[in-house]
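What follows is a pair of complexes built around chain A, which joins chain B in one and chain C in the other.
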Partner chain A sequence: MSTNDPSYTRDIIRNFINRSINIDRLRDDENLFESGIVNSLFAVQLTTFVERKFGVEIGMEDLDIENFKSVSATAEFVARKSALRAS
Partner chain B sequence: MLHGIRAIAVDTSEKLLDSARVGILQAVRVAPVLSKSAPRLAPDETLARIIFTTRLEDLAGCDFIVESVTEDWFIKKPVYERLDRIAPAAVCFGANTSCISVTRIGGVTSRPDKVVGMHFMNPVHMVNTVEVIRGHHTSSETLAVANDLLAELDKEGIVVGDLPGFVSNRISHVFMNEAAFVFQDGLATAAQIDSIFKRCFSHKMGPLETADLIGLDTVMRSLDVLYDSFHDPKFRCCPLLRKMVEAGECGRKSGRGFYVYSNVGC
Partner chain C sequence: MNMFLTAEQTERYGEFQEFAAANVEPFAGEWDRAQQIPDSAVSQMARAGYLGANIPIEYGGKGWDMVTFGLLNEALGRCDSAFTGILTVQSMISAALVKWGSNEQCRRWLPPLATGETVGAFALTEPGVGSDIQSMSTEFRRNDQGDGLILSGEKKWITNGQRAGLILVFGKLEQKPLACLVPRASDGIEIEPIKDLLGFRAAGLARLVFHDVPIPAANVVGKPGFALSHVAPIGLQYGRISTACSALGLLRACFEESTDYAASRKVAGQRVGDLGMIQSMIASMAADLEAARLLCWSACRAEDDHLPESFTRTFIAKYFASRAVVRAASDAVQIHGAAGCHDSSPVPRFYRGAKIMEIIEGSTQVHEFVLAKGFVDDALRRQQRRAGLETS
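Moving on, here comes the complex of A and B:
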């Protein structure tokens, strides 16, 4: 399994988020930031987790709500960065 | 930092200032993830806007001072007595108190007309409304200065009167405390209690996860202030809440409270 497998990446990210916050029945496309229960501590934790777990470097231009707004968006961001690193 | 206002941060030790520096850099870095309008600042740009110091005297040149020390009268009181000697007479003090009366704070200074409560809500850069408290002697001019500062921060104040706990914490802490009693009595799990509030009342967060986010030690101290102020048993801190604090289970920041947080320090 690797970051090439979208469902594997989504599982890891979903598990991390479920351990961090208490959202009932978190859907992969659910907007975390619209839920109102995430804060800057969570954003720091999520970006740090993505950098360490998947070995991707998050630049200033990557720090955008669109890249981290949901489980799916974060997994897609990891896939894009991993593909860039591999190319 | 995000609004271009230069600031001086004072804390009691270099270790705490180091921690604040890291926290501020992290919060500013991820601000664009939380808000589309937030600027993207490099670490050196952020650090150029803030001075970190352990000397309260370094605030002598500030236009406005926001105090946010621990919610304990015996800690707050000497801080205000010193600030009153240090700051020029025209400078206003914004007390980011969560329960202690603004009138009581103003009473230990020589400028009670220039002390105003400014209860910022967490996460501060995402919540655009601030509970502004008018103490018994707070002047209209001071309220105007506070509102101008909030406008610079793209925030709006709701001005309320002054009794301990004001509006927000006088009500919310009864909610959180009673939720802790319900949990202690074994009526429901923490998740069930919070789910009732979220799914039945459409609250964004339940009372127990809110308590975990604020910090159970802070909630306990605020309840103690409310109890001591009103002598009303409805503010009696739930024994389980006190026991959890004594056991070091203070919520998110310590990794365990009503919930377990396995990502602390990740």
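Moving on, here comes the complex of A and C:
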């Protein structure tokens, strides 16, 4: 399994969020911040987790809430960064 | 404790304790009275590499894990909270830079921070704004040339503000939170030492006033709008862990001084430690010490393992250790009696310093609010979700 497999990436991210907020059956397109599922402290934890788990570096230019607003958005961000790293 | 540490962490902890016993403990009382830590003492900490504890090796730092960083804070905190405060803020500004600094900022600032050539400060608190940081009034505005910013406003209770060569200042640019690196040498900075604190007297606290200070655009850390959601939390996480572990060290100091006194002091032919009332205080102190130790290492490990609960564990560790040390310091004075009320003993300094632990890096009440709100909100979300799933 790798970040080339979107469902694998989504599973990992969903599990991390579920564990963080002790909630199950989170929809992949659910906006984490607008719905109040997570708070601002969680935003920085999510970026740190993504960096470590998927080996991508999140820099100043990536600081955009759109990149991390949902499970799907975060998985797509990981895929884009992984593709850049591989190229 | 050792069962939770690697051999390398255990060895380093021994080194930290030796350093603190030789270079900090004998002088802490003198520094407290002078309300100042001499440059030579800070240089010793720098030469040991401690000011670069959390800075990556590639920038000249030690690159230590959070457990090792916690052990360093515990060992130094055992001897002097104020001295440890320098390390706290150095780690806060360094962590924010490592995570969100540009390549140019990291190359320029991390090496001197790692060697201690530059000592930092983290300027978030304002005269009218403590934990409610969203309400800060410090302002950045664009200069007329459009190639930089102008900073105006006031920060207060800034640890190491008297000494810092580089300050990470938080303010707002067009209503968006912004963090900027501000060298001390910049024009328009007024630094007013804050003296006569209850404790933490040698930590070099200052009031900083910024009178239209020119800031190059290259000094912005992160992006406008992300200073409070992303930049500050990285630094504050280090600040809380450092403070929790420093409080743990101070708690150990109270315990060790109290047990030594109870073992040697006699009243009416009886050892103080044989008196039931004293035994009760010592037993309580020992239980608090062990609990605080486990909570601190749990928080450090969670951070090293990047666990989702790392922020919560850190809040709990800081909340518990800072309250426990206040109880322990109060009991330490009680056990020492009149001797614990005089400057010839370190115990009064412990007592004054302990209370500061409950205030800095978020007061006890802020920790209660954040923790309780988080747990109740979690429960509410689970209930709402269950209800939604049942009706769908």
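To be clear about the criterion, the second predicted complex is superposed on the first by the 83 of 87 C-alpha atoms of A that agree within 3 Å, B and C clash if a C-alpha of one lies under 4 Å from a C-alpha of the other, contacts with A are read in each partner's own complex, and residues count from 1 in each chain.
Here is the rule we go by: contacts are C-beta pairs under 8 Å (C-beta built on N, C-alpha and C of every residue); 3 or more make two chains touch, one makes a residue touch a chain.
The structure displayed is predicted, hence computed values, not measured ones.
Undergrad: Could you classify chain B and chain C on chain A, in the superposed arrangement, as clash or fit?
TA: Verdict on chain A: clash between chain B and chain C.
Undergrad: For A:72, is the partner it touches chain B (first), chain C (second), both, or none of the two (neither)?
TA: In the superposed model, A:72 contacts neither chain B nor chain C.
Undergrad: Does the superposition put A:60 against chain B (first), chain C (second), both, or neither?
TA: Both chain B and chain C are touched by A:60.
Undergrad: If we overlay the two complexes on their shared chain A, which of chain B and chain C does A:39 touch? Say first, second, both or neither.
TA: In the superposition, A:39 touches chain B and chain C alike.
Undergrad: After superposition on the shared chain, which partner residues are touched by A:49: those of chain B (first), chain C (second), both, or neither?
TA: Both partners, chain B and chain C.
Undergrad: Look at A:82 in the shared chain and tell me whether it touches chain B only, chain C only, both, or neither; answer first, second, both or neither.
TA: Neither: A:82 stays clear of chain B and chain C.
Undergrad: Where does chain C run into chain B after the fit on chain A, at 150-158, 258-266, 276-284 or 330-338?
TA: With the two structures superposed, the offending stretch of chain C is 150-158.
Undergrad: For chain A, which residues belong to both interfaces, chain B and chain C?
TA: Touching chain B in the first complex and chain C in the second, residues 16, 19-20, 22, 24, 36-37, 39-41, 43-45, 47-49, 52, 60, 63 of chain A appear in both lists.
Undergrad: Name, in rising order, each residue of chain B that touches chain A in their complex.
TA: Interface residues on the chain B side: 26-27, 29-36, 40, 42, 122-123, 125-126, 191, 194-195, 198-199, 204-206, 209, 213, 252, 259, 261-263, 266.
Undergrad: Give the list of chain A residues in touch with chain B in this complex.
TA: By the definition above, chain A touches chain B via 16, 19-20, 22, 24, 33, 35-41, 43-45, 47-49, 52, 60-61, 63-65, 67-68.
Undergrad: Would you pull the chain A residues touching chain C in the complex into a rising list?
TA: For chain A paired with chain C, touching residues are 16-17, 19-25, 36-37, 39-45, 47-49, 52-53, 59-60, 63.
Undergrad: Report the residues of chain C in contact with chain A in the complex, numbered from low to high.
TA: 100, 102, 222-223, 226, 228-230, 233-234, 306, 308-311, 374, 377-378, 381-382, 385, 389
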